[in-house]
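Okay, here's the structure, questions in a sec.
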Amino acid sequence: MEPEPILWFGWFRADIIAEYAPLFWQGLRMTIGVTVIGITFGALLGLLVGMARLANARHAPARHLTRFLLRWPATVYVSFFRGTPLFVQIMLMHFAVVPLLMNPADGLIVSGELARTLRQDYGALLSGVLALTLNAGAYISEVFRAGIQSIDRGQVEAARSLGLSYRRTMYHVVLPQAFRRMLPPLGNNAIALLKDSSLVSAVGLSELAYAARTVAGAYSRYWEPYLTIAMMYWILTLALAYAVRRLEHRYGRGDTR
Amino acid sequence: MAPASPRFAFVVTFFVLAAATAAAQSRPLVVGSSATYPPFAYETPAKQIVGFDVDVIQAVASKVGITVRLVNTPFTGVFASLDNGDLDLVISGVTISDRRRQSYDFTAPYFEARQLIAVPVASTVRNLQDLAGKKVGVVTGSTADEVASRTFGRTSANIRRFDTTPLIIAELVSGGLDAAIGDNGVIAYRAQEHKGLKTVNDPGFPKEYFGIVVKKGNTALRDRLDSGLKAIVADGTYARIYRTWFKTEPPLPTP
Amino acid sequence: MAAAIRVDALTKQFGTLPVLRGVSCEVQPSEVVCVIGPSGSGKSTLLRCLNGLEEATSGRVTALSVPVHDPATDLDALRAEIGMVFQRFNLFPHRTVLQNLILAPVAVRGLAPAEARERAEALLDKVGVLDKRDAWPNQLSGGQQQRVAIARALAMQPKVMLFDEPTSSLDPEMVGEVLAVMQALADEGMTMVVVTHEMGFARRVADRVLFLDEGLLVEEGAPDELFDCPREARTRRFLSKVL
């Protein structure tokens, strides 16, 4: 039984959206959730990788260890995730890497019924978040690296000459200053991640783009579903940009540069 | 009954279309097909699109004296491409449905299809109803999507939608789904590629028919394709093509 | 009594560029030593080798009886005992004046914040910027910033203070206030190594002056000797330009 079409402005089939409203709301929550998790873990990962890429040691054995165990792997990781399309990473993760590790038949880490349950309930979420986090981490590590490198060497020397260790110098002196400069590029990365999360619908994660695809598939109508999610993404990116500006304002004190 | 002015418009449209068709005689018609759908249409390693649909449209085309150019178009985009004129017609295992008939014109059926369920060999599922509460994979916007949406609810979280049949089969194999539903030809073809899968035929599924799709109102082209279809059935070409791809005799297509 | 700092045949190269070419000298406890010399002669590099900010290419540096360039040395612990003041202040711009002074005593020495704060305020009072304790570094004049930087180093209660041209980036009218603080410090018996172009200060305050040229310690002596009757021609040439 067909519901009565509701037309807005003579062409917008609002009833279609209303019919699928739960999918759009759930999609909105999922998009926000995936973005928040991706940014949080991406930032943590980016910080670690960014520092790994800058790692160096004074004396011989440690010097080689840092190069082979930290700098090179970090460089390869960043290069791969910045050098391949996110869509490809998502497909690889969901249909290749995760099934290899987690599979009812012969998963390397999880197998049997647990693997089936996990995959059915969290499979798309897991691989989507993994791919987004790894991708964001690669980009954010470059932001951290540039931010750290932009801090005057004199700051590090002043801190070290007071007896602060490398870690304390990073924590108390370099990172707080770098963070302030990194806020605008971090904000851009967050917005990019929010938009790119739409690619995860390809593995069946029910976020905003998934809702739009479902509706478009059912009705062969594109204006209504895609305009709807476009507006939702737009509002989200505006809110995110506003939040970043507030943070910049808040942490902007005392910086002369 | 339609009022006078739309009828007039219809007549004008008819002549314009007829003229356009005549003028376009030399131009090859652009045929859209989603080539991830063996054995109906798929790409060979040499990037050639082959399959049952391809052979049918080519046989029809040569019968009625038109030339066609095949374009690989993702299934989710075929209707939009037809609407905006990128494609002249679509042959891509499209099920004729009342809803689609409202927006597009179909030829007579060229294939009798039914939905088929793929499940792991150990599964006890016997029919569609057994899938209630289970995770079911379908291709977004496909007939299976319609059936599943109708049966389990449009916004049910248990329906998992993907872009292509290979993806729902891959998801089923890796344990993310309890079942995959799709057109019998494709599901059977895919399921026999994986040892761990079997197919379940629910006789309750209605019979469906695949048709060639043209833009709404392009009756000139549709009629031509229909006459071509009749001709290849009559001279045995259709049966030969059918045997090539499905290894069995065709049921006679019902016009 | 052991020397506070001892330098033996120290050489330093940046790539193929030799900057220090075998420098040996000593600084005794409570001694004030000024290092002078033309630009590029290696003064800063020598100073930075004393607290391990710079690696040595060869030779030995011993500070407070610790071999600075020994891989086994805990440089952080050593540096906590050696204060350093830079030409460009290097205050932490994201921390207020007071927070600049409190950071290291709390983080490194494990001092209670309240105690560190008390000590910091006393030091700020001593260098004359107590009223600026809650200001941000970029709100201070150059002279005030450098005095805060000195107080920041003193907050660690170092045994030795290193100064690298502490007045070179100051407007002339602010040089005096910084030199006065340094002179007071010297009068209290602080061990100091001061790289400077302020010949008047060196003459007034230094116990000994080292003249460095092209990576070599050309001449050293009491200020009156070195300024009034330099033995080496190179020293004379340099002094004739700057005096």
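Going by the order they are written in, the chains are A, B and C; count residues from 1 in each one.
Just so it is clear, a residue touches a chain if its C-beta (ideal position, glycine included) is under 8 Å from a C-beta of that chain, and two chains touch if they have at least 3 such contacts.
Since we're looking at a predicted model, the values are computed, not measured.
Undergrad: Once you draw an edge for every pair of touching chains, what topology comes out, line, ring, star, complete or other?
TA: Topology of the interface graph: linear, an open chain of contacts.
Undergrad: Using CA atom means as chain centres, which chain is nearest the centre of all the protein shown?
TA: The most central chain, going by mean C-alpha position, is A.
Undergrad: So, what's the distance in Å between the C-alpha centres of chain C and chain B?
TA: Whole-Å distance between the two chain centres: 83.
Undergrad: If you average the Cα atoms of chain A and of chain C to get two centres, how far apart are those centres in Å?
TA: 47
Undergrad: Once you find the CA centre of chain A and the CA centre of chain B, what distance in Å lies between them?
TA: 37
Undergrad: Which residue numbers or ranges of chain A touch two or more of the other chains?
TA: Touching at least two other chains: none.
Undergrad: Under the definition above, what is the set of chain A residues touching chain C in their complex?
TA: Of all residues in chain A, those touching chain C are 58-59, 152, 154-155, 157-165, 168, 172-173, 176-177, 180, 253-257.
Undergrad: Along chain B, where are the residues that touch chain A in the complex?
TA: 76, 79-80, 100, 103, 135, 137, 140-142, 145-146, 149, 154-155, 157, 160-163, 167, 170-171, 173-178, 196
Undergrad: Would you tell me which residues of chain C are touching chain A in their complex?
TA: Against chain A, chain C makes touches at 51, 53, 55, 71, 76-84, 86, 88, 90-96, 103-104, 107-108, 136-138, 149, 152-153, 156, 162.
Undergrad: Could you pull out which chain A residues touch chain B in their complex?
TA: Contacts found on chain A: 19-23, 26, 95, 98-99, 103-105, 115-116, 119-120, 123-124, 202-204, 206, 210, 213-214, 216-218, 220, 222.
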